[in-house]
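Per-chain numbering from 1; labels A, B, C, D and E assigned in written order.
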Amino acid sequence: MTIFIFKAVLIFIIFLISLGIAAYSTYAERKVAAFLQDRIGPDRAGPFGLLQPLADGVKMFLKEEIIPTVSDKWLFILGPCLFMVTALMTSAVIPWGMPLEIGGKIYKLQVADLNIGILYILGVVSLGVYGIMIGGWSSNNKFALLGAIRASSQMISYELAMGMSVIAIILISNGSLSLTAIVESQKGLNWNVFYQPVAFLIFIICAFAECNRTPFDLPESESELIGGYHTEYSSMKLGLYLFAEYINMFISSAVISCLFFGGYNFPGLDYLNTVLPVNLVSLISIGILFVKIFFFIFFFMWIRWTIPRFRYDQLMRLGWQILMPLSIINVLVTGAVLTFFNK
Amino acid sequence: MDNYSELINLMRPAMLIPLFPLLGFLIIAFFGKSLKHFSGWIACLSILASFFCSLYLFINLSSNQKLDFTVFEWIRWGDINLSFGLLVDPLTIVMLLVITGIGFLIHVYSIGYMHTDEGFSRFFSYLNLFIFFMLILVMGNSYLIMFIGWEGVGLCSYLLIGFWFKNQAFNNAAKKAFIMNRIGDLGFLIGMFFMLHYFGGLDYNLVFSAAQSHPKGSTLLVTITLLLFIGAMGKSAQIPLYTWLPDAMAGPTPVSALIHAATMVTAGIYMICRSGVLFALAPQTLEVVLIVGVATSLFAAIIGLKQNDIKKVLAYSTVSQLGLMFVALGLGAFSSGMFHVVTHAFFKALLFLGAGSVIHAMGGEQDIRNMGGLKKYIKITYITFIIGTLAISGIFPFAGFFSKDEILAASFAEYKLVWILMSFSSMLTAFYMFRLYFLTFSNNFRGTQDQQHHLHESPATMTIPLIVLAFLSVIGGLLGLPVVMSHTHLFSQYLEPVFEVSKNIIGAQHNLAHRTEWVLMGVATLAAIASVFVAYNLYISKKILPEPDADVKGFTKWVANKFYVDEFYNKVFVRPVMVMSDIFFVLIDKLFIDLFVNAVAWIVGFTGRTMRLVQTGNTRFYIFAMVIGIIILLYCQLVHPFLNVYFN
Amino acid sequence: MEQLEQHANPQSWYLVLSTILFSIGVMGVLFRRNAIIILMCIELMLNSVNLLLVSFSAYSGNSDGQVFVFFIMVVAAAEVAVGLALLVSIYRNVASTDIDVLSKLKW
Amino acid sequence: MNSQIIFFILSSLSLVSALFVVFSKNPIYSVMWLIVCFISIFGHYLMLNAQFLAIIHLIVYAGAIMVLMLFTVMLLNLNKESEPHKSPLPKVAAIISGGLLLLVLLAAMHSGSLPGYISPDLTDTGYVQKVGIKIFTDFLLPFEMTSILFIAAMIGAVVLAKKEKH
Amino acid sequence: MTWIERLYLPAIFQGLSITIKHLFKKKVSLRYPEVKRAFAAVYRGMHVLKRDEQGRENCTACGLCAVACPAEAITMVAAERKKGEENLYREEKYAAIYEINMLRCIFCGLCEEACPKDAIYLTDRLVPSEYSRGKFVFGKDMLVEAVDQRIDISKRKKVYEI
């Protein structure tokens, strides 16, 4: 039974961390944007503006709740909820660190070690479209519908290349689909990114597209579609959408870290394991993972404030005509290399 | 099977041999449009690759070895197991070398000859397909595989004869060839059924060992061999199924050289050699073969005397030579027959290609009455053509002399009469060939001004194959120097293991004394030189020209019109069939079958008109009907125990 | 989900469940006139069959059933892609997806 | 007992959602209910230890097919059934025949020998390796055929849905 | 474009390096209420109607400013000075109502140039924000400087004197 309690606690903690990181991502986004543009950014609420997310949250809650009269009320409410749920669900299979030892028992820092971990992520990500589509459609607004359609076609298109790039990773990590196994196969500095730079490139581009981040933020491009699928949303429902996007960003950073940058692995982990107590090593490994995640969150923002948005046809061409063939070639080349050199 | 692993290593090149032409065919067939003239070189390369593979086999497979393996299982029902297998033994290798070697040369020649034709890549795709089927024919390890190749080469022959399909006469020639071949193929097919029924399979090994359990000359064996011989008659243009071959000259000249002189028409010879055991067990059939061979050889030679189309003369000479080969087979001298196949392939291909070169120079003119004096204009063609003519006339020391002499010697040993007839036939051959040569190359030019202006030597792609073939025609005979001239007969020694069994069955052959052989050779050479002299006297000294078609009278008219055989066939076979079909059409078709068919049609129509009312066009109704039907069916089938009994 | 506990549901439950799902699908095909919903009901029927196959596979310890389901999914995806494309082009012509309107099958 | 409770919850969910698919007025709701139904079937697959298939089911059905459905419904703007009222006879017939089919099938099962209380063979039948090896050995040809089918369907869909240029 | 340029990746990295450089640059922001940016000498902010040294309004309601105004933001009603108002208005005529619509005003300063009596000036003060549009029509209560709170316009005057 203790395992269940542990898992419940773990889920709760991950939930809180996700929310917290998402909240502070909004703050970080504004800060990074400001810094990259030689500005200071929010610094009034609390020291260095650290309470800014709180203020934003309060503001969101206090805003008027508007549900358009011509909208489909149930779906209008369901949309942001679904989006949030799917965003949070992905975190279930990510190994957060080395196992903890409590009371002589070993606890894996992972909610569920599925033997199909990566597929689970792809599956849940593919469900994420519904939140956007339902929200966009039920708003009964042309801009919202356009945003929703753009979002869904974009996400479906890029999911394929994403899956194909992941196949190359599966190939080189002993054919296991489990994220733990993939992370374990990258001991030390044996990170996949060095063996699979092309897959990494494809994956990160697709991750940008799946998170609707610039340069792929066409679904909500404010200059064309006002707010895209969440044009009609206000108050905390809008908050959920925005929040969920930041959670997506957090999770995809975590996935990228696990797939390509060794997850919680770092050179010297094995050595530390022999010297330090297990729990301390575990905490250090968690810290390492989070350093990587923060780097990628920063990278997401960095890209956002550097590269302008694609045109829609460019986006589709990139997805279908470049990334898709490239990822297939990558898989073929990887398979060929493995076949010829490993035997 | 002494060195098993070594043979295993030879399997792959053996399988590659037919694959290269197939690959070439596929490439040219699919990308011919974009390859343009490049497709010719692809075709050549594929054949060259096959040639090298064949050479590799020739070098690595000693004459007492054979490679017999199954590529894949094909048909299996009951006890009968027909698999796709290949057989490579000396006989096959000889054929392979001839097909791929001469095939390659003719491919190269075609690049020059067909250069301006709009169907350039189509032509090469057909040629490659033909080579593929021919290789299958000679490489198969059962009659079935041979039959696949047999039919395949027939198809390619049809396609290539009718290559210029805009000309209706050419199409008719193609159809004629196809139908004539079908008659022969029917015999072959029935023979195969017999074998399948009585021997339980079609593999050579199986058939031959099963056949040896039957007594020599039994009805079954005679029947089977006769049926097979009918097939060979069709393919190798023997009386009475020879008339398609002269007409087949409608195709482009390289086709005539490759298919209708060097390779496909010898398929019949190959088939009889391959089934030597069967034929040896049926002496009656061998006699039939002999008679047919003699008759064909003489008959075609006589017709050849009066032909004025350069290709027709060569065509009749081919028929005549094929007859000679059958004579050899009929005498049981299989290796002599094969030897003549090889030498004949050299010089007949050379002659056809030379004729092609002449036609090329004349801008499409084929009538020798309009030629003459060409030796001034086209030197290389002239020299190579004279070599070919000497070879076919059987003049020492060219290739034809040795092979012909061997057959004549064999006939002298067996039947003197045959020897006399065949010697006469050889004389005729020498005569009409030199007639052709003199009329074409000597004296003055008789064509129009335009043609004279147009005369030019052919490009290198055409002349080089001519030179190579001429070289082969000169030295080809050395392969089989008779025993009297050297210690061993290389060719028959090489083929000996293949024909060992059949030789034993036929029994001891009469051996001629060396002195007799020398005399025979001398007689043959003298006869040939005498005919050449007669031809010289007639066409050079007296400068006689063949008269125009209208002026021909009497017996010569018969000869010039090929003894009216085509007309005879029309009257005797085609016309009655037409009349019968007319009668059947009126009596049975109109009255009986139409009534029946119309009644059925009316019933169907009526039912349809009635049932159409059900067709509402409403999809939902259809789905509904379907579901109801399923429910009823399930109810009857699964639930209701009473109905269950009936449905099961 | 690491290791599901051994459960003792009889397989007949799955049979009954998928039968009911299948019947609902059939009923839906007959009941609705909107072609898209008919397509969806067909998907439902396919899924009931899939469920049945997976249950057989699990209960007999043989993966073949799952491979079949895999192929059914491929076919279903192809079917939906083509079906919807057809519907869209039909909709362009007759501005309706009501299958009662689509009576062009009549001769 | 646990698994039985889960089974009943999932089954009732799938049945109820399937009924809603059929009876919802609004096509969008039908689509949503079908998604719910698929997710409950996903749960069934997990119960049967077919993890790989479950995820593939989720990705293919929920992630691709239903998105396409939703897409089409939204694009064609079929938010309300704008059809004129027609006679209820077909609907009654539909319900009756559906029920009949159910009865016949159940009766057929009853009369046949139903697998009884066999305990499931919860081995690794559903693992990726197992299924993958099956696909790429015994079922290689069908697999290649489906890929051809797929590409044909893709091309067909593109050709059909493309607007003709006038 | 060459093949490498077609990849766009070098360009992207170039862009990324440019933005990352700015991360470490000195920030240009000012913390506004605490730190203020100095106005330029010629900054044209909210208007003021000046009084003379004795506290009398300079404006004589001649209307030249309203004529000069390109945005037609100024309206005025003239009135005659009554007995006993000499300490309020410098000359016999004065503006009973003087209104500037601050939403229309473009702060061009033409009124200032047109004024013959040195009555109207644009100052470096900001126009205060309001909640309704009506309140942006500033009357004399907003525009005329208080007697005890004179607004220094010497900088602007100096400019003109040059």
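Note that in this section contacts are C-beta pairs under 8 Å (C-beta built on N, C-alpha and C of every residue); 3 or more make two chains touch, one makes a residue touch a chain.
Fair warning: this is a prediction, and the values are worked out from it, not measured in the lab.
Within the contact network of the assembly, the step distance from chain A to chain E comes to 1. Both chain D and chain E are touched by A. Path length between chain B and chain D in the touching-chain graph (shortest route): 1.
Set against one another, A-D and C-D show the most C-beta pairs in contact at C-D. Most remote from chain A, judged by the distance between CA-atom centroids, is B. In this assembly, E is the chain whose CA centroid lies farthest from the centroid of chain D. Chain geometry summary: the mean Cα position of chain C and that of chain E are 73 Å apart. Our note on geometry: chain C versus chain D, Cα centroid distance of 4 Å, whole angstroms.
Chain centres here are Cα means. That of chain A falls 32 Å from that of chain C.
Once the centre of each chain is set as its mean CA position, chain B and chain C turn out to be 60 Å apart. Annotation for chain C: residues 1, 26, 30, 33, 100 touch two or more other chains.
Within chain B, the positions touching two or more other chains are listed as 620, 624, 627. Here chain D touches chain C in the complex through residues 2-4, 7, 11, 14-15, 18-19, 21-23, 27, 30-31, 34, 37-38, 41, 44-53, 56-57, 60-61, 64-65, 68-69, 72-73, 75-76, 78, 81, 83, 86, 90-91, 93-95, 97-99, 101-102, 105-106, 109, 114-123, 125-126, 130-131, 134-135, 138-139, 142-143, 146, 149-150, 152-154, 156-161, 163, going by the rule given at the top. Interface residues of chain E, counted against chain A in their complex, comprise 9, 12, 15-16, 18-20, 22-23, 25-29, 31. Interface residues of chain B, counted against chain D in their complex, comprise 620, 624, 627-628, 630-631, 634-635, 638-639, 641.
Interface residues of chain C, counted against chain D in their complex, comprise 1, 4-17, 19-28, 30-34, 36-37, 39-41, 43-44, 47, 50-51, 54-55, 57-64, 66-67, 69-71, 73-82, 84-89, 91-92, 97-98, 100.
Chain contact summary for the complex, chain A toward chain D: residues 72, 75, 78, 114-116, 119-120, 122-124, 126-127, 129-130, 133-134, 137, 145, 148-149, 152-153, 156, 159, 175, 177.
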